[in-house]
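The following pair of complexes shares a single chain, subunit A, combined with subunit B in the former and subunit C in the latter.
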Partner chain A sequence: MTEPLPPRPEPRRQWSRRLRDRLATLLITAGGLGVVAAVLAIGVFLALEVAPLFLAAEASLGWGELWREYWQPGTLPGETPAYGMLPLAWGTLKAAFWALLFAIPLALGAAIHSALYMPPRLRSRLKPTLEMMEAMPGVVVGFVAGLVLAPWVERHLAGALALALVLPAGMLLAGMAWTRLPPGLRRRLLPGWAGLWLMPWLALLATLSLWLSPVLEGLLFNGDLRHWLAARFGLDYASRNALIVGLAMGFAVIPGIYALAEDALTGVPASLGEGAQALGATRWQSLWKVVLPAAAPGVFSAVMIGAGRAVGETMIVLMASGNTALMTLSPLEGMRSMAATIAIELPEAVPGGVHYRLLFLAALALFAFTFLVNTLAELVRARLRRRYRRLEAAT
Partner chain B sequence: MSRFGRARLPRGEGPWPWLAAGSVALSLLMFSGLLLLLAVRGLGHFWPAPLSLVALEDGRLLAGQVVREERLPGGAGRERLYLTANRDLDGAIWSWVAVDEIAEESHPRDLVVLERTRWGSFHGRLLALEDAAGRVEGEAAWQALQERLGELEALRRERAHLRDRVVVPLVRRLERGADAALAAELGAANARIRQLQARMGGTRLLLESVDGRRLEQPLEQVLRAWRPNAMSAPRKLAAWGHGVWRFLSEGPRAANTAGGVWPAIFGTVLMVLLMSVVVTPFGVLAGIYLNEVAHQGRFTRLVRIAVRNLAGVPSIVYGVFGLGVFVYGIGGTLDEWFFADQLPSPTFGTGGLLWASLTLALLTLPVVIVATEEGLARVPDHQREGALALGATRVEMLTRVVLPMTAPAMLTGVILAVARAAGEVAPLMLVGVAKLAPQVPVDGEFPFLHLEQKFMHLGYHIYDVAFHGGDVEAALPLVYATALLLVLVILVLNLTAIFLRHHLRARHGTVPRR
Partner chain C sequence: MSESEAMVYAVGAAHQRGTAVCGQPPGQWWRGSPRRQLTRLGVALLLAFCLAGSARAADDEVVGTLGAVGSDTLAGLMLRWGEALTERYPAVRLQLQASGSASAPTALIAGTTRLGPMSRPMSEAERDAFTARHGYPPLEIEVARDALAVIVHRHNPLESLTLAELDAIFSRTRRCGADEPIDDWSQLGLAEPTGRIVLHGRNVASGTHDVIRLHGLCGGNFRLNVNEHPGSAAVVAAVAAESAAIGFAGLNHLTPSVRVIPRRDGESGERHPPSPATVAGGDYPLARSLYLYVNRRPGEPLPGPERAFLDLVLSQEGQSIVEELGFVPLPAAARARQLGRLSDGPVG
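Entry: the complex of A and B
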């Protein structure tokens, strides 16, 4: 005998539950689709605002106008406006270039070290630390770069440039010294913890080199590197320049690149690296020949996302670049980026005017660029994840 | 022997691993350096620094606080920057002094620092205090000054209270329609303020700078007085705490270069609160839709990628969108419909609290969506299937089983969104911060919360004071303090989110990626 079934709920209650479920599902769907549509509407809206620039007769502007090398929005009375977007695009790319030049080696180095050498416990502490570094507000980084770092570097240019040589040399020196240490000490200073115990050593080196650099500057460059650069190469020095922007924005971009690159490296199936090491490769050899090629798309997408961030960063460039719309290659001169131009000029632009629409065009360009770059990076990462899964299944 | 010993250790692997390790060290060094710089400069500003009396070899005397020391160009010795204050006497508040030219440096205990509402600080000596009752000199004058400053502070507080709580609302009500009773009330309040003002005035300080120039200073312009060289360490610590408190609780003075940041703190918090009220339901709804309701096909995958990518779109683009859609579009229309009598001066058609919160809500929406989705993906499918098998409808399954398990993940998302929004400045420059808005956008006047008002923001305050002030050097300590405050808030928020997430991972394991 089977037990009697529990009594079925009354049909009316059942019906109202169904209805409630339908309604709620509908609500969620409507809300979700609405939010998604609203968020995606940004691009469409920007394009609609820009379109009259090229279509409508009264506010139109030829394509040729955009490619001129002057950006003079005519805010001063009696000034003929010139709307060449070229210097702005140049400034944006220049800032991003120097930032990436500084950030990529550091971020990838850090990712490699933490993925390959660090003990897992230390790594699980390092990741949130760098995440907090990423959370540093741009306005704070920009303030420190523009008002503290820039004047300081202007006074100690030789010392600052010397750091770029001294610090890598110091890392290598530490490595050489480590192999010659007595074994007992070497067991204390494990290479996996080098990220921490190198810190005081590098700080010491930096202090030393800053302390000694005036002497060297006196011997090599007649006491003033800036003068020497100007006389020898004709390089002008602007206090807020591409180097400062690169340093500050690099600082802001490092954690993002690090996190994604580290994900890509740790995602490589461990069996690959272990196989290489079992065949006698060192950890570095297995990284270089096996792990890195496998993770290359992920590392590439990390760099792309870093580039997207660097192109769109506003406050750091605004505060640290001097905002001069120049088109020079020199890292010692300033630039004006699109994002900074929007932030400065849009509140004053007349809605619907040519200037206003051009600033919208700049915003659209930024949007399109970052959106494309990020989508590309995301697709690459998705493919990579599938590849890892296959690799893991195969071994 | 030693060769065998070495062989058992990890092998050396050439130079590259050391460069990799070094880049970790360098990144951490830069980060901690930045934090240290902000902490030292930001907190050090409130410490009552000793005041040096410097006698130069050419006979000049000056009293100042050492700011920094630098090498002279060409290696010819060093020079020191002193903050000498006394703008009304000297026309400047800074003095560069070559270290070689200093004949003697001492720290006399009777040197006084006065913080004033006009002309900045004063460094020098207090000779006498004069009022209607008479004149006191020497140490007694110092005692009297301390007492009078305490009274003044109470009077000022009463005056501010009267002005904000009584006079301003009365004036607003009178603007709407004249009323004899109200006018009488206003007259009484104004008379009371004048009476307070009269009690504040009347006392003068006789001051002398260290090089012997005398100055009469009305006491009502003096905010604080202290003798840094005569203070003991606990007294200094108390003064430091008091300084920090005043920084947090007072409004800015002297074109934002002095005073506190209370309106900016209030504005930031209010804006972020409004933003999270908007972003939480919509973000969660979209997350649930994408993960639980939508058909998991190619389209949903593309939408998911697009939403994720919007987190990487520059914040300034959101600002442009907010300006075009919210401010000029919706705001302009609202003005035409409801506030047509006030046009052409815009009410909602200009940047304001509401538009700023909405823009930042849009900006942080992807953060909340992604966090919610991650949380939902972490809930094992058998929980859902179990609920459905027991006869729950989908909504019952979601609200009773899945969402309670996801709540911490959503909270993490909201906290991260708040942290991101608190530090974002670029979009706010377009949609609604004000350089100076000492009136916070909440008061006793209907509708209590003034969504159309402009507001102050900590991040924008940093940018504005640092780049649009007259004397950057003078404003710098305050900028450091503000930056430190902002960074602390954001770091605490992020730490909370990190701990929550860690806790979640420990409970539910890592999430499989799709």
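Entry: the complex of A and C
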């Protein structure tokens, strides 16, 4: 038998409870708005720091100067500095391009496989592993890429390029061979577990290509691939180049793209894919014609967020790219990105000087780019969520 | 009524009845379990300790924290001097931030620190900015000299380089008199390593960069494909990892995995490796003085910690630390001159 509760509190107590309720709501709303205001304030601050460059009465820099090809801000007495920002913008885009070229196929492939074909037990083991990839600090990834990976790739250039060609071809070969297996064996090697039973095959291919590549190099390239590239195509090989940066930054960007793309793909109502298969579509047809088009906006926004991350990543490019302010198309040469330039040069630029304000201009460009890309990606994802709700209501 | 409302009424009812909600009668906070009393005692002692510790020391006592912001070339040296200072005066500690020579004038002008180690002299613009802010020029004390070594991989058999050859390798302007750029190791007469020369250097932030441009490239510009590293140790690591690499780094960062290339005189063919003797004699031009800039109002004495630090730096003990770390100590005459500047005050 429970004790009877005491009578309701007096109206004064009720009013104070309502007041506390309203206060709490106000504080939480203020917190949310404060975050938005802080982000916008950063943009306004950057714009205010840059404005005197172009708007002051004695404008110290014309727009034309920024479109030059040399970035040489440090000067000995008696020299005029060169403030061409083209190499920096080029380097940023080049690094982001190679990172996305490496990351997008891997991340999207992993997302499709794990969302549609992987059994839940394996998927639950995969997600934490990918999150560990994301948790690794950029400095560590850049350090390993610059001091361990770059010298190794330089010494075994033929082997590294062979790996890049042989592994994807080997996977396609394994897929073709799988369709021709006897049904008993095919039941053992389920496609959902392909992540596991492909490992020995890929390890074998990797070992073979690394072992045979010196032989092939001797046969095809006169023993020195670097020399052959320089002689035949005029391509200089820099030890820290766009390929290394692409690998390292791709490693950092893959988990982000994977998480969002997998989110979008699992959100597609299962009835759509199953309906397509019930009507006779193969697995590939139901993926390519039904599921992917339904999830396309989410996948697109995942790629955009990955691009935003790739453009803004600083430490990896700083440590793995050699920081050479070049403008070349060659993936075998280094580059200098805007973020790395800001990190290297801002601590010692004279505050209020032209160099200082130009670095702020670079920061403003990066801020605007990532802000726009992320906002667009979020809008696209919101539309996708509404579309899924309509699809689920319809089926 | 909702669950939360029921909970609120229950607590309020208990309070009204006078029973303990948290195990303690309301309104008697000084009582409580022994553990709670010990915690309160500990907090009170901690507060008292902090208040006592923040009592100001007199201005010329050698106590407190000595701040310095500036060159990373001088970082090891400053830390060793700081340790020696703490050995002499246990109440003082050196706090160093080594982000590059160009960060020192910024910090001195802003007043963040009174000491600014720099591996190059202050430029006119920096001096003017300091004078505009504080009303007097900064005090420049030369504390050591540094030789910059040209390094190659340990398996590279290169014997020596003239200044013109160094210029032709590193620069795109070739102001030291070379006719053609040197891009390939074969142009230097070497069979091993093969291929193009891979260049490593420092970024624009460092004093090393400016010294090499001034004395090594005769004021010219580096090539665009020189890999820029944030510190001398990174240059050494990069050169040690690539057999076709060449770079320059301070003498004090060298390891056995790289070889130092002496300078060959163009006419006489004599070899001058970087060492205190060649630097002092002028035969090895890739050298520079290392400075400590001090913010000191003329006519006023330096505060205790700074004065003790500078006395230590310019003493025999301080200069033997310089030699231990691989730099070039000041000759006796120069030391005496710097000590004189300390006492007289800045002359610009």
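Here is the rule we go by: the second predicted complex is superposed on the first by the 338 of 395 C-alpha atoms of A that agree within 3 Å, B and C clash if a C-alpha of one lies under 4 Å from a C-alpha of the other, contacts with A are read in each partner's own complex, and residues count from 1 in each chain.
Keep this in mind: a contact is a pair of C-beta atoms (placed from the backbone, for glycine too) under 8 Å apart; a residue touches a chain by one contact, two chains touch by 3 or more.
Here the structure is a predicted model, which means the values were calculated and not measured.
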{"item": "Fit or clash between subunit C and subunit B when superposed on subunit A", "value": "clash"}
{"item": "First (subunit B), second (subunit C), both or neither touched by A:P293", "value": "neither"}
{"item": "Touching partner for A:P120 - first (subunit B), second (subunit C), both, neither", "value": "neither"}
{"item": "Touched partner set for A:L147, first subunit B, second subunit C, both or neither", "value": "both"}
{"item": "Partner chain in contact with A:M171 - subunit B first, subunit C second, else both or neither", "value": "first"}
{"item": "Partner chain(s) touched by A:P351 [first = subunit B, second = subunit C, both, neither]", "value": "both"}
{"item": "Touched partner set for A:P105, first subunit B, second subunit C, both or neither", "value": "first"}
{"item": "Touched partner set for A:D224, first subunit B, second subunit C, both or neither", "value": "both"}
{"item": "Subunit B or subunit C, by number of subunit A residues touched", "value": "B"}
{"item": "Listed stretches 166-174, 220-228, 310-318 or 364-372 of subunit B, narrowed to the one that overlaps subunit C", "value": "166-174"}
{"item": "Touching both subunit C and subunit B, counted on subunit A across the two superposed complexes", "value": "17, 147, 224, 318, 347, 351"}
{"item": "Residues of subunit A defined as touching subunit C within the complex", "value": "5-6, 8-9, 17, 70, 72-74, 76-77, 147, 150-151, 154, 224, 226-227, 230, 236, 238-240, 318, 322-326, 333-334, 336, 344-345, 347-351"}
{"item": "Subunit C to subunit A touching residues, read off their complex", "value": "6, 8-10, 12-13, 16, 99-103, 105-106, 123-126, 129, 194-196, 198, 203-205, 209-210, 213-214, 219, 221, 224-230, 237-238, 241-242, 245"}
{"item": "Contacting residues of subunit B [partner subunit A, same complex]", "value": "2, 5-6, 8-31, 34, 37-38, 70-71, 73-75, 282-283, 285-290, 292-294, 303, 305-310, 312-321, 323-325, 328, 351, 362, 365-366, 369, 393-396, 419-420, 422-426, 429-430, 459-460, 462-463, 466-467, 472, 476, 479, 483, 486-487, 490-491, 494-495, 498, 513"}
{"item": "Footprint of subunit B on subunit A - complex, ascending", "value": "17-18, 20-21, 24-25, 28-29, 31-33, 35-36, 38-40, 42, 45-46, 49, 105-110, 112-114, 116-117, 126, 128-133, 135-144, 146-148, 155, 167-168, 170-172, 174-175, 178-179, 183, 186-187, 190-191, 194-196, 198-199, 201-203, 214, 218, 223-224, 251, 254-255, 258, 282-285, 288, 305, 308-309, 311-315, 318-319, 339, 342-343, 346-347, 351, 359-360, 363, 366-367, 370-371, 373-375, 378-379, 382, 385"}
